[in-house]
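After the structure tokens below, expect a handful of questions from me.
As written, the chains take the letters A, B, C, D and E, and residue 1 is the first residue of each chain.
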Amino acid sequence: MKLFGFIAVIIVGALLLAATGDFPAWGDAGSPASQGQVSSFYIEQTINETKVPNMVTAVLADFRGYDTMFETVVIFIAGIGIIAVLRTFGDQASKAPDGPEADNDSGDLIVRTTCHMVVPLIQLFALYVIAHGHHSPGGGFQGGVMLGASYILFALACGLPAAKRRMGERRAIIIAAAGIIIYAGWGVACLLLGGNFLDYTSLDPILPGDEQMARSHSMLVVEIGVAFTVTAIMFAIYSNLSTRGRLEKGL
Amino acid sequence: MIEESFLPLITWMVSLLAVPAILLLRRTPNAREMATFVAAFAKFALVAVMVPMILDGRVLRFSFGEILPGIPLEFRVDGLGILFALVASSLWILTTLYAVGYMRGLKEHDQTRFFACFAVSISATIGVAFAGNLFTLYLFYEVLSLSTYPLVTHHGDKEARSGGRTYLSHLLGTSVAFVLPAMIYCWVRSGGDMSFTDGGFLAGKIGAGDGMIVLLALTLGFAKSGLMPFHSWLPNAMVAPTPVSALLHAVAVVKVGVFCVIRVFTGVFGTDFLGELDVATAVSWIAAFTVITSSLIALSQDNLKRRLAFSTIGQLGYIVLGVSLLSPLGVTGSILHIAMHAFGKITLFFCAGAIYVAMHKKYVSELVGIGRKMPITMAAFAIGSLSVIGLPVTGGLVSKWYLVMGTAESGQIALLVVFLVSSILNACYFLPIVYRAFLCRPEESLYDGGRQEAPLACLVPLCITAALSVFSFFNPNLLLKLAGLMTGVE
Amino acid sequence: MTEHFSALILLMPLFGALLVTLLGRERRTACWLTALVCLAASSAFAIGNICQVLASKSGDLRYRMGGWQESAGYEVGIELRVDMLAALVVAMVVLVGFVNIIFAKTRVGSEMKDKVAFFYALKQLLIVGLCGIVMTNDAFNLYVLIEITSLTSYALIAMGNRRAALSSFNYIIMGTIGASFYLLGVGYLYIKTGTLNIDDISSVMQSGDLWAHPSIMIAFVLIMLGIWTKMAFFPLHGWLPNAYSYAPGVVGSFMAPLMTKVMVYVMLRVMLWLFGGEYVYSSGHIWGELIIWMSIIAIIAGSFLALACTDIKKMLTYLIVAEVGYMVGGAWLMDGAGILGSMYHILSDAAMTFCLFLAASIVILRTGDHRLTAFTGLFRSMPLTMTGFTVGALSMIGLPPTCGFFSKWYLISGAIEVGHWSYVAALLFSSLVNAVIFFRIIERAYFGRIEGVESLPVDADGSPPVVLDRVPYSMLLPLLMAAGSVLLVGIYNEVLAGWLRAAIPSL
Amino acid sequence: MIWQFDIIILIFMVLAAIIALRVKDLLGATLVFGIYSFLICLLWAEMGAVDVAFTEAAVGAGVSTVIMIATVFSTARRSRD
Amino acid sequence: MEFLAAGFIEENIVPKFNYWVYVILMMIGLFAMITKNNLIKKLIGMAIFQTAIILFYVSIGVKAESGIPILGHEQHHEIVEEGRASSEVIKKEKFANPLPHVLMLTAIVVGVSTLGLALAISQRIYGSFNTLEEDEILDQLRPGGHD
């Protein structure tokens, strides 16, 4: 196996290296990819077409919004896939519900206190990242991961049961599905108002501003949708993986 | 003169329509058999209605529409087809009658399945007879292979299953491995046309080398014709109940094989074109080899049905040999021999079955003196033997006569010798049975007591087929005319 | 509304999946109904789509996501492109999905236990992915959708027993390698052409005359390697048999007919539309002859491996490996008839594998045994199931009028036209091996006796009564539908072939 | 974009990748993999791909590492290779 | 000879250093995926493999003199408030190509999803085989083993 692997790797590597000689030099602004009509359009016209300064966000949520919808679906699949594979639904009823002070039974006091202080800050920053994705790096996905991470942090510090009370499994799934419903539903709304799927300009009549602003606003909506899904799924993944699907006690 | 008509379709459908009736009436055997009979008579009547039309020189055609680009699923009834259909449908009536007697006589299991498959296979046979192009022919050829499989393996025991396995593997294997690619090759070469025409649709479109390969692939691929080396399914399939052996191995299956070969020679290539290519000799020699070898093997068989099976292989070899001579007389002889051999051989099988029903005997060596016990059966057996050997007062002589004439016409003297030698061999393996059945000394006889024939339902058909054999000697005109439509021989 | 059909085909199961997860795992019947309704709607749209393609003059429909018009001749957004081939394959995907949902109804409870809702959700998402793959005209979007189908299938397979989990893990490794190779190939194309739309890449390569560049060739090799891994082309097939045979029954019967076929479609798409027949088939490349020989090896090896199997499902999966060889070989025959055969075989193979897998699942359910010996005597106790199985088997062998015969017909005629006799021989050989395999089973089912059969009540002529299969109708009906489709696809092959022929770009 | 910086990060990345695969303690391997993710995130930020870097920091170095550690904790920590 | 080698390095390695490293990383990952025995190690290899491809894509988008693909406040202001045509203000060379970045966001997401699912499956495997070493698992599955 080792030998076979080695040979395969050498062959593929040689093949790839052979092609690099053919590439434009690294950082060449004149390469077809950089010079091409498509990327020029994105760089020059984004601001005119969508009024969004962050080209990455514009391309992500509008020009290639269809891709991003499926990216969200990928996350969703990972989440419910992990639950489907790992989760063991057992005798839920027999387990005593955790008392209100369960927050305090686990973990170190200092850790817990710090956590209680830090988590809101993280969440605040995450919301900022989501909302400010138009103007600065970030967006629904990054912000969503951070929100999810704040719950993970909470679970690490105060125990999974405590985190579960804030983001239970059922609730996580509903939030995750709701995220995609927001995204795809927004696209369907475009469709109902006469445009193509995800053609935000057709929402102009019901949104403030002109057609370009409609795009800008719509991007925010779909980013929020992405954030919903990502937040919920990140936490669901963690909670399942850290307890082997039993969702009892975390790490 | 080609005209569109629904008659071929209806003729083909009749026996298929009987299948649901047979399945529904499975609890009342009499009504079930009635359905079969109604279908059989209807089919025969329809074929008979078509005969005068065909004799007028008309060709009936029915098309289901194209199933592959350029290839319709179509029926086309010409002289050759109607002759074969006539033989098959008339013998179906008799076989059904016989089968009822046989199956009830032996209290066989699964009779419903038996009759249903029987009806499907006769339908497929008619489909082959009426097939208007190579593809339709192939389609019904395969349907026939599959629908007869349950019949061959009817007993379901180990022997039957291994026989069935040989049966299916040979027939399916050769047709998929040889016929299918050859057929597609024909399709590609002929530019998408596969209809049988008088001159052959491949005429002028293929070279000698390719032509040789395609011809061999098609001839050997239609392995139902029993040419060596793909003959071994036939003796193995004799494990089937005797009515099956009778119909399938005297009429339907093997005759479909040679019918296909005749179609290949006349409809695909055209005899004139094959003469130009000069490739048919190879087939002649394979057939000649088959004729001699199978006759020799038949001599050594003690099981009566196996002996009949090898005899069939030899007779099929005649037919292929006749058509491969490419002379009009030879082809006429081949076409006639389909009918004549069918009448003769089915008589023999019926007799073998009758002996089994009445006496439970299967071996030639057990038949000494049986002539006194079952005189009618053995008399019919004698007539059948004469027909197969080709001796007077039976139809076998007529067709053999044409075959020999064809050989002479084409100047193949060596093949003439083959005919003569094999006829002598035929006599050698049949006549002693008849002789010892009737003319043994009393102390040699294995039987005593009075006459004990098989049930009437078994006896009547074999008398009728024996009579047909004799009748076709005195009045072969109808068959001759139908064959003449194909070959131009008056 | 009609112009949105291609988008709606996707959206229906997408929303269906979300609704199912919202319904929760207690409401099984509601989940089933939701999935059924969504897929039925999707099927209706897919059929409408076929009609639209037929009606359109250009022969293909284009749908711009987000309504972005092209700028200076380049698509800036993502575009869907539905030609006749795509419309037919999409219809095949959703119809198989729909029928399989019916089939799943009774089984899913016992196979998935508490995870019924997740099963329906994942399954619908898998359909979304497959439909998306077929319709998209964007090379990168194709990657995302391939990953959607992969992730859902990893999860669905891993829902089975512990062996299924292990096979799923191997599938993840192989699948990721395959998808990453594809992604890398797309990157190579992007770096040379600066666009991602399949038609645009093709036209840039045409106008810039990039054909001679080694990176284009390596991109092609990488993409092909990736796709072959995903479709289990012979030396890369290792993951498939275990994954599909250990997967839960309702999952295997659904994935086996679709996944590899859709990847074959992707291969054709890449060969004929992305790179163009002119480039792929030009004699200057090393691969031409080589790949046909590889497919011949695939066909023969797949057949032999199937012959050696004693497990019914595993045998069927090895047959899929052989069938993939058919399609790859047909596509590489370098002529229209071969490509047509390959396209038609996508449809017909889906129909017959579906039929066989359904029948096998029913048999395994009823007998509790997954070996070939389980079939002993089944014709008596389960006549309808075995009829369905027989139809599928005859199609695998290639007897008329089943669809398997006609796809062989087109493939062989393609091979004959270019004179590739070894491929013809391989096809025939595999037909014969299939005949051996299936008649072995059918014979056993037909004649084998199980103890206790003699005690059944005997009717007038001695044959035991025909008992209905003692299988729920929700399983029997899909099987019969699948068997019917095997025959329908066969009988209407000329119509389908006519449609497909119009979709083949001139070489 | 500073190419010297670039080369240094790249070399460290290769080293991190090799170490992550050679360490027999899976927890250690996971941590080294986290370092690898951070390096690559740095590289991307330096290449101007801030959004990608941000995502990689959150996902690759953050969530991936955490779920890997979670898995290592709930399964075996030692590896034979 | 030495000159030639130096020339080769100058022409093929230095300007394409990124591409070389991505190939090396990718091969490391691929090798690990094929040959490693431990499932977690395979997954680490897989992650490295995927990041290598992401590295390749991001490298495509780099322009030597460019900044991040986000408009600064001044540029934004000039276009939106003063209504100057965007092509005057925005020089293509000043911005990295945003498209590869977008694609790679998706690829990262796909990567982490695959990783998560694979980890879940390996936990299940551990649950039923009690080991994560591939050869030990196969030993158990062999007929005559504990299966």
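To be clear about the criterion, a residue touches a chain if its C-beta (ideal position, glycine included) is under 8 Å from a C-beta of that chain, and two chains touch if they have at least 3 such contacts.
Here the structure is a predicted model, which is why all the values come from computation and not from measurement.
Taking the definition of touch as given, a chain qualifies here only if it contacts chain D and chain E alike; those chains are A. The chain with its C-alpha centre at the largest distance from the centre of chain A is B.
Averaging C-alpha coordinates per chain places the centre of chain B 44 Å away from that of chain C. The distance from the centre of chain A to the centre of chain B, with each centre set as the mean of the Cα atoms, comes to 75 Å. In terms of their C-alpha centroids, the spacing between chain A and chain E amounts to 18 Å. Separating the centre of chain B from that of chain D, both taken as means of CA atoms, is a distance of 79 Å. Shown for chain D are the residues that touch two or more other chains, namely 1, 50-51, 55, 59, 63, 67, 70-71, 74.
Shared interface positions of chain C, defined as residues touching 2 or more other chains, are 140, 144, 147, 151, 154-155, 158, 165, 184, 190-191, 196.
Residues 12, 15-20, 23-24, 26-27, 30-31, 34-35, 59-66, 68-72, 75-76, 79-80, 86-87, 90, 92-93, 95, 97-103, 105-106, 109-110, 112-114, 116-117, 119-121, 123-124, 127 of chain E are the ones touching chain A in the complex. Residue ranges on chain E touching chain C, taken from their complex, read 30, 33, 39, 42, 46, 49-50, 53, 56-57, 60, 99-100, 103, 106-107, 110, 113-114, 117-118, 120-122, 124-125, 128-129, 137, 141. Taken in their complex, chain C has these residues touching chain A: 4, 7, 11, 14-15, 18, 21-22, 24-25, 63-68, 71-78, 113-115, 118-119, 121-122, 125, 128, 132, 138, 140-141, 144-145, 147-148, 151-152, 154-156, 158-159, 165, 184, 188, 190-196, 204, 208, 213-215, 218-219, 221-222. Chain B meets chain C in the complex at residues 26-29, 66-69, 107-113, 135, 138-139, 142, 146, 150, 153, 156, 160-161, 164-165, 168-169, 172-173, 176-177, 180-181, 184-185, 187-188. Against chain E, the residues of chain C that register as touching in their complex are 140, 143-144, 147, 150-151, 154-155, 158, 162-163, 165-166, 168-169, 172-173, 176-177, 180, 183-184, 187, 190-191, 196.
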